[in-house]
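Structures incoming, each one as structure tokens.
There are two complexes below, and they share chain A, which is joined by chain B in the first and by chain C in the second.
And then the complex of A and B:
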């Protein structure tokens, strides 16, 4: 991090930390949680999509796996969700390698379609499975997570929304740190080489499949942890968590903000998540569908005027401003 | 004695087309061999088979006696074969230094050592002043040098150059010829170079191999090879070959 970016970063973190103290309306705190959660998810997508340039259309698979694994472990084996979150992450990583092996044989749009197909398989299987080996998956109905008497971090249940807000804020800072660390490491350089030109990368000895797998596994791990968080926030999970629409939302947030940049996904979440939350709230009843029109219009505008993501013009503006200062 | 590099009866087909058809050749350690032939002769396909982009239908590729045919490109790089691409393939979003650094990392995990090695090579190719520039912003001549820098950073013992001179002007060609010669002299690298610029081929090659329609049609010292009727015929057509 350069000296010029420490101050704005510190200000942003301070502002984020103070937010729930100033804004006490639980609706807005919830909306802010959703922004941070989507920023977190889109950043986890960005580890594969941005660093390695592999645009997955199936990231919700990992989100869903995380939510279901931690929930089942909690209900049937009394594993605290905080532990379940880590287990879910590992399970998603392992499954991601199974998905990645065939998918990485494909490139570009074919890779994207294959990941989309895998996610749909998960959604359909979970939707149509009522029971498996004594565990009630409850199919399309979804699973309610029972409230625990003791509110604690280990149980991942808190009395107010504010605790969830701070938890996801810390998680987001952690994943941004991981992203930056990977980007600057030797691996990050390998991934950038693969992203820019896979043939050339292989010709200088980089095993493209191996490093793409590593990026996928890390990306899947974090995607799954977001799933556990979401499950514990709403205390309800359903097969819709695996939906491809949700996958595409994650991808769009990253791409609109700026794929392959540290703060692009966060910026994307900051813009797109409130649009989808607010339009759903205010227009959802009488004008169902209008939210999608607004969402679509924003996308078209971004693709026309900032195809590299909104972070690019923003950075340029910031630099101009910084240069003008004495 | 085991030859440094040898290919035996190599064949690669695309459907009915034999892009490389029963090609054999031997290259001694420290040689610079020019590979020439009209467009579509199979030169680049031969490179792609040697470097593992394609697996051959039959035949052997022997580096110091070990058959490397059909290995993956990254394995072949690790065996000591480096290459450049005819159509330059820089890592556009990375700086010139990072382009070379990422290759140097294949030999050492230490950032300091890799950076030193990369800077060394950039100086050798007169790209050190551009080290902080994005590869996308280089001129074609600089990108061609970057291709070579990146290949050299993997410390190859055998380097395949695919039309390193194409698209360069007179001065740039002279400079590149000198560089290729230095790669052999200072770094002891054996070179197989596909090249269309005949002036360069004549100057740098110890020996020339000519391909046409997937087959090797001639081989020998440069001055002799270009006078052979079958070579003239391949380049200029029947009328000139018989004249």
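And then the complex of A and C:
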């Protein structure tokens, strides 16, 4: 981080920290939580999609795994969700390696299609499974997470929305830190080489598969932790968490904001999530479908005018502004 | 002694056969040339050696060790460096990062700084451009960077795929002088070229490729004086 970007970053964090103190309406706090959650998810996608250039269409698989693992551990084995979140992350990482091994043999659109197929397999299996062993998955009906008497971080249940807001804010800052650290590390350089030209990277001795796997496992871990957060926020999980539409939403947020940049996914979430949340609320009743038209129009505009993501013109504008100052 | 021995190699892209039963030898410290028309399979030979386009049959020995079952990165780590056609740099990275990536493996990382100094002494222009993005270099500079990146890995064989492609005649002769200097370092060179006259003049031994098969082989200068070669490739 350069000296010039410390001040705006500090201002942004301070503004984010003050937001729930100023805005008291729980609906808007919920919308803000969703923005931060999607920023977190899109950043976790960005570790694979941005750093390594492997555009996964199956990130919701990890999100769903995180939600189901922590919930099942909580209900059947009384494992606190905070611990379940870590276990879910590890489970997702291990599964991601199983998925990555065959999928990384494919490139470009074939890789994307393979990841999409895996997610759909998860969705269909979970939808049609009522029970495994003694565990009730309840299939398409989904699982309600029981309220706990003690509100605590360990139980991941709080009395107000504000605590969830601060929790996801801290999680987002943590993942941005991890992303920046990976980007600046030796791994980041290897991943960038693989993204730029995989054949060239391999012919100078970089084991492309190994580094892509590492990026995938880290990406899956964080994707799964977002799943646990979401489950504990809504106290309800369903197979739709695995849906490919959801995967594509994550990918779009990252791409619209700017894949392969630190703040691109955050910017994408800041723009796209309110559009989909607010239009659904205000237009969803009488004008069902209108929100999708608006969403689509924004996507078309971004692809036409800022195909590298909105962060690119934003950065340019910021630099011009900084130069103009005496 | 042959450091690289290729015996009866056939390579396919899907159903399409690109190489038919190709055999060639690369002698230590020599410059071995492969020439031929567009689409004759020259680049495919290099891609096959480094595992990017694995052979369907035949054998490839590097100092007696078979390479066919190894993956590309393992072959690269054995000291076989490829300077790919069209230069294939990492355009969004700086010149320095491109070079550092060339010294990848663990033992090399320790001597990397020393190596970097040597390579920059070799290519003074790259020292000047150190902090610049690779994509902004001129064609000749990019070619030098690609060669420099290959040298960073301390290879014993450097394979170059059409290093003269798209460069001015002046730059081409500069690049070729560099190849002479690389040979003086004791590095073996396998050179693929469309510039037939020029490659045959330099090559200790050369192979002429047509439609995926070796049709002629011999010392470069001998091939150059052959009637058929002069007619077919030099228009003389």
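Convention: the second predicted complex is superposed on the first by the 326 of 326 C-alpha atoms of A that agree within 3 Å, B and C clash if a C-alpha of one lies under 4 Å from a C-alpha of the other, contacts with A are read in each partner's own complex, and residues count from 1 in each chain.
The definition used in the following text is that a residue touches a chain if its C-beta (ideal position, glycine included) is under 8 Å from a C-beta of that chain, and two chains touch if they have at least 3 such contacts.
Worth saying up front: this structure is predicted, and the values here are computed from it rather than measured.
For the composite obtained by overlaying on chain A, chain B and chain C cannot both be accommodated without a clash. In the overlay built on the shared chain, the residue A:204 is in contact with chain B and with chain C. In the overlay built on the shared chain, the residue A:196 is in contact with chain B and with chain C. Contacts of A:131 after superposition: neither chain B nor chain C is touched.
Overlaid on A, the two complexes show chain B and chain C touching the same residues of chain A, namely 189-190, 192-193, 196-197, 199-208.
Chain C makes touch with chain A in their complex at residues 50-52, 71-73, 76-77, 81-82, 84, 88-93, 97, 100-102, 104-105, 149-150, 153. Contact residues of chain A toward chain C in the complex are 189-190, 192-193, 196-197, 199-208.
Interface residues of chain A facing chain B in the complex, by the touch rule stated above, are 186, 189-190, 192-193, 195-197, 199-208, 260. Against chain A, the residues of chain B that register as touching in their complex are 51, 53, 72-74, 77-78, 82-83, 85, 89-94, 98, 101-103, 105-106, 109, 111, 150-151, 153-154.
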